[in-house]
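Across the two complexes that follow, subunit A remains constant while its partner is subunit B and subsequently subunit C.
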Partner chain A sequence: MSMKQRFIKARYYLHNAARFAKIYPEEALIRAVVIFSLVSMSVFFIVPLYWLFSAAFKPPNSVGFPPELVPSTITFENLNHIIVNTEFVGTFLVNSLLVAVGAVIIVLAIATPAGYAFSRYEMKHKRVLMVSILFVQMIPFLAMIIPLYRIFAIVGLLDTLIVITLVSAANTIPVATWLMKGYFDTVPDGLEEAARVGGASRFQAFRIITPLAKPALGAVAIYSFVGAWNKFIIPLTFTSSKSKWVLPVALYKFISRRGVVEWGLLGAATLIAMLPVLILFVVFQKQFVAGLTGAEYKG
Partner chain B sequence: MSDSEPSYLDGFEARRETQTELSRLERLYDRVDQKLPYIMIAPVFIIVVGLMLYPAVWAFKLSLYDVPISNLDNQVFVGFQNYVEILMNSFFYKVMKNSVVFVSASVVGQVGIGVTLAVLLDRGWLDDRLARFFRATYILPWATTAVIVGYSWQFLLNPRVGLVNQFLRALGWANPPPWLTSVQWAIVGLIIMNIWRGTPFSMIFQTSGLQSIQESFYEAARVGGASRLQTVRNVTLPLLRPFILMNLILVTLFTFNVFGMILVMTGGGPLDATNVLALHMYQTAFSLGNFGKASALAVLLFLFNLLTVAFYLRVFGGVDQAI
Partner chain C sequence: MSTIDLENVTKRFGDVTAVENVDLTIEDGELLVLVGPSGCGKTTLLRTITGLELPTEGTISVDGNDVTGIPARKRDIALVFQNFALFPHMSVEENMSFNLRMQGDLDAEEIDQRVADIAEMLDISELLDRDISELSGGQKQRVSLGRAIVTNPAAFMLDEPLANLDANLRDQMETEIVRLQKQLGITTVHVTHNQSEAMTMGDRIAVMNDGELQQLGPPEEVFYEPANLFVAKFIGSPNMNLFDATVDADGAHLLEESGPGLAVPIDLDRSDPIVLGCRPEHVLVDRDDRSGGGWATLEIAFTEFHGASKYLFFDVGEDTELIARVDSDEPFAAGETVSVGFDPEQVHAFDPATDERIDQSARTDRTRIAEGTRPSDD
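So, the complex of A and B:
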């Protein structure tokens, strides 16, 4: 579309809006208020992250007074420094990825069959069982953290990535199971019926139907990935040596070690830490939204 | 094989007759297959019981003991002494007050804004593409780790280089508050941050609630000649009630346990003005090393969670509303 066409289109749009406002002043006012508040909420939600990330591209001493909303000169010095001179990418990012991917595998491997079984088979006390796994999640995590610490100390797993992976996965499994159950409920069982009549075992029937649940598998994968990726208190408590830090812990130590805050470097480090989540957000937007709450595919 | 299963899953009758001819391995496979539903759900319960329920019960037991940090195995049973010590100390009430302020302000703000946004983005106020765009811009804070949330607000609220005070000065407030270093304003900053963080969750939760409302209700309202505002007030909100209740419960439970962001932002200071119950518990355990007392605090935290849920259910009416 040429500039001129665009201009004409905008003029028509404005003209129409003005006419609409003249005929239905009340309706137009409501609409203007709605749009204004939605836009200001967008600003409210985006600016805090933008402000921190944009510091990454500002020259080290330009983060100061007065604050600049758009950096006047863009530099990659900060990002470069973090990537080359620190272990953010080499160690912490790798640790975070290992933990998050491990958690996704565990959650999918456990929650998918469980969700399937809850959806397809009658069991004694099914409802009680299902509600009880959600109820357990209402127990504050803080209450479990001390005993878990003791258990892992006894087993000798303290200060390993396995612990973080396991606990993060455990945290997401209840909701993931419900999500999978809800989705399997919406998949018609004709295909399995045919398979079973044809002599397939229960397990084979499950294997036939699972590919049909791809959207829910994607949402669960994103839910558990982001959940594990963002865990902070769990790794902070259960790991101590630097080689086992994941990104949130590394970021936390980053400031408390330096005292004086270098906002540019901090911005660069946080940007790296947020990057995988941002990529998932852009690529899988629909599943991302569904996956974050676990509410979308329910009932 | 239990009788209650749907008949088609019972398999092929003819196959069972030929079972004698199956090899031992095949018979074993068959037997496992019959129990498959239970095998499928077992891992969930092993994990839930092993990593969540059992530790929680253990925490209750620990709360009745005096656990010296020097020798964790040398535990002395002290009954309810940990609880008595906590409840006798005025510091606990200060922390409690902070918690109640932090939680209630966050919950009201978060659920209020979340419901409003969900309703505004739901039906016909805007065209679909625009609504989807707005919804996408609102989601990111919920996917951000507590540390980054803490840092980005620390940066924003910084009196010297932060945007917020720059903005307030431009509006004509000559001496904007120093936020995180001020005893009165620090908790306000934390509340704003927490609302920012949690509102997307409420919004998506309510959006899925709105999707469950049947079109016929809106049609009835339209036929009856209701205006948009009337429709929202008399159709949407009443039907959204169970979702709002569930959302209030969930958000309250979350918020009582929030302290990662606070640890990053203020560490509980200045002068414990932002020390909440969850943070206090964590520091009692891992800074002071008093596991017994910390467990007692955790049990108290759990009791407050239960009390709030009971309170909501009472105010809003029965459990059925929530499920």
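So, the complex of A and C:
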């Protein structure tokens, strides 16, 4: 869209809004309040992030009060320092990636067939089963930390990345199963029946249908990736050696280790930690929404 | 090619009986049409034959071999779905070769050859590389037919394959399916709720209602000798006129309060009341004032133009109408008063207690009551 087209569109939109406000003043007021609160909420989330990220590009020790919104000088010193002089990228980022990708694989491998089974098979107490799966997720995680700690200690998995992967995956599977079930519900039965009549076994039919659930698979993958990526309490409790740190733990240690927080460095580190998730969302935004809302089946 | 035998097939879903005790033999190479209103169990019966549903009771055999417990994929019965059920993530060619690939006893070259042959037969050769989403409804239906016949199945099941097509295309596909079926000589069961489609296509028609088989026979038999009131009402368009009547030695007398109050000279050895039916095309309409028991004088309430024919509607009794079908060039108009009679050779008698047809082979009086307007036979 050219600038001129954008301008015409904006003018049309404003004109329309003004006309709407004239005819329905009350609705217009409600709309204005809604828009205002949405904007303030966005500001509430965006400004601190913006401030932190802008700190990443400011020279060290120039972060003060009142914060300057636009850095006067831009430097990559902080980023450079994090990447070159710390294990942030070399170890912690790699750990986080391993954990998140591992969790995605486990979640997809379990939630896809589970969701399919819930969608397609007749079973006794289906509703009860489905609800109890969700119920598991409502148990506060902190209540399970000590038992889990004991269990992992006995099995000998403490202080490994496997622990974080397993717990993160277990945490996501219930919602992922519901999502997959909901999506498979929107894929017509006829397709599998066609496959079965055509000579496919039930399992082959499932394999043929699964590619049709791509949007849901994508949404579940992103959901479990982000879930594992952001886990903080789990790695903090179940791992101790520095070589097993993941990004959130590393960020946390960042603050507490030094008496004085170096905002510039923290900003740079946070930026690096957020980047993969941001990229994922930007690239797969459409798929993510489609996966959450259901299939647009055309056959 | 094969014969399919259904013996006492019953299918229940929980408390609901979808198919009740159906006995049916589908002969080798025949096109049998299963017809009935929505929810009558015809699709369930078809799915039971295919193997997608297991019957609660009864047995299904193909060529004398019991296949009741055999899964769909091993039955060698192909199914075409109402909504086509083509795989949207595969091309036309991949869809058509799907069944062959799944059954896995042919090499790639032979599969390509078979698909190409069938595509040519269905006139879709140029579509093979397309995506399913690029096809029109008719093309999708052809692809779906192709996918089903490419394996040379023992039998061919069509589940309302024409319901999603527009009217013109439907007529064309009706003809095409029949042509294809005759060409291959493949045993076929076609399910539809459309009675005219059933009569056009079927070698034999099986009329179903409430899960039960009502009548099985060639289209002519079902049309001219409906076995019960349900079949009489369901087959034929517009619906058959049905009125309560009493019987005496002179014939049937239609009640005045709930019908046209005319007499039809048929010979029935019976004293209980009956339900008398006459198809709109067998209703005689005459402009001359005919007196006598065989005729009623009625006013045309309104007319409906249907191209070659015209329907005349008469109000008789409370909320009851009588419909007559005449050639559309007959100059009948609403408001006109005419004489109406029933062709005694073309009426059907039913027992109101059992809804069953009363056999009229014992009828003696076969003369026409009068030379009224001849009904159109189209």
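Assume the second predicted complex is superposed on the first by the 242 of 299 C-alpha atoms of A that agree within 3 Å, B and C clash if a C-alpha of one lies under 4 Å from a C-alpha of the other, contacts with A are read in each partner's own complex, and residues count from 1 in each chain.
Keep in mind that, in the parts below, a residue touches a chain if its C-beta (ideal position, glycine included) is under 8 Å from a C-beta of that chain, and two chains touch if they have at least 3 such contacts.
Owing to the predicted nature of the structure, the values given are computational and were not obtained by experimental measurement.
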A:S201 touches, of subunit B and subunit C: first, second, both or neither? both
Partner chain(s) touched by A:L212 [first = subunit B, second = subunit C, both, neither]: second
Comparison of subunit B and subunit C by subunit A residues contacted: B
Which of subunit B and subunit C A:A111 touches, first, second, both or neither: first
Touched partner set for A:V226, first subunit B, second subunit C, both or neither: first
Touching partner for A:P188 - first (subunit B), second (subunit C), both, neither: second
Touched partner set for A:G156, first subunit B, second subunit C, both or neither: neither
Intersection of the subunit A residues that touch subunit B with those that touch subunit C: 193, 196-197, 199, 201, 298-299
Of all residues in subunit A, those that touch subunit C in their complex: 188, 190-191, 193-201, 204, 208, 211-212, 297-299
Parts of subunit C lying in touch with subunit A, wherever the complex brings them together: 50-52, 71-73, 77-79, 81, 83-89, 98-99, 102-104, 132-133, 140, 147, 151
Contact footprint of subunit A on subunit B as seen in their complex: 2, 4-6, 8-9, 11-12, 15, 29-30, 33-34, 36-38, 40-41, 43-45, 47-48, 51-56, 58-59, 62, 72, 113, 117, 120-121, 125-126, 134-149, 151-153, 155-156, 160-163, 166, 196, 199-201, 204-205, 208, 212, 228-229, 253, 256-257, 259-260, 263-264, 278, 281-282, 285-286, 291, 294-295, 298-299, 301-302, 305, 309
Interfacial residue positions of subunit A with respect to subunit B in the complex: 30-31, 34-35, 37-38, 41-42, 44-49, 51-52, 55, 63-67, 69, 110-111, 113-114, 116-118, 120-123, 129, 133, 136-148, 150-151, 166-167, 169-170, 173-174, 177, 192-193, 196-197, 199, 201-203, 205-206, 226, 229-233, 237, 247-248, 251-252, 255, 263, 266, 270, 273-274, 277-278, 281, 285, 288-289, 292-293, 295-296, 298-299
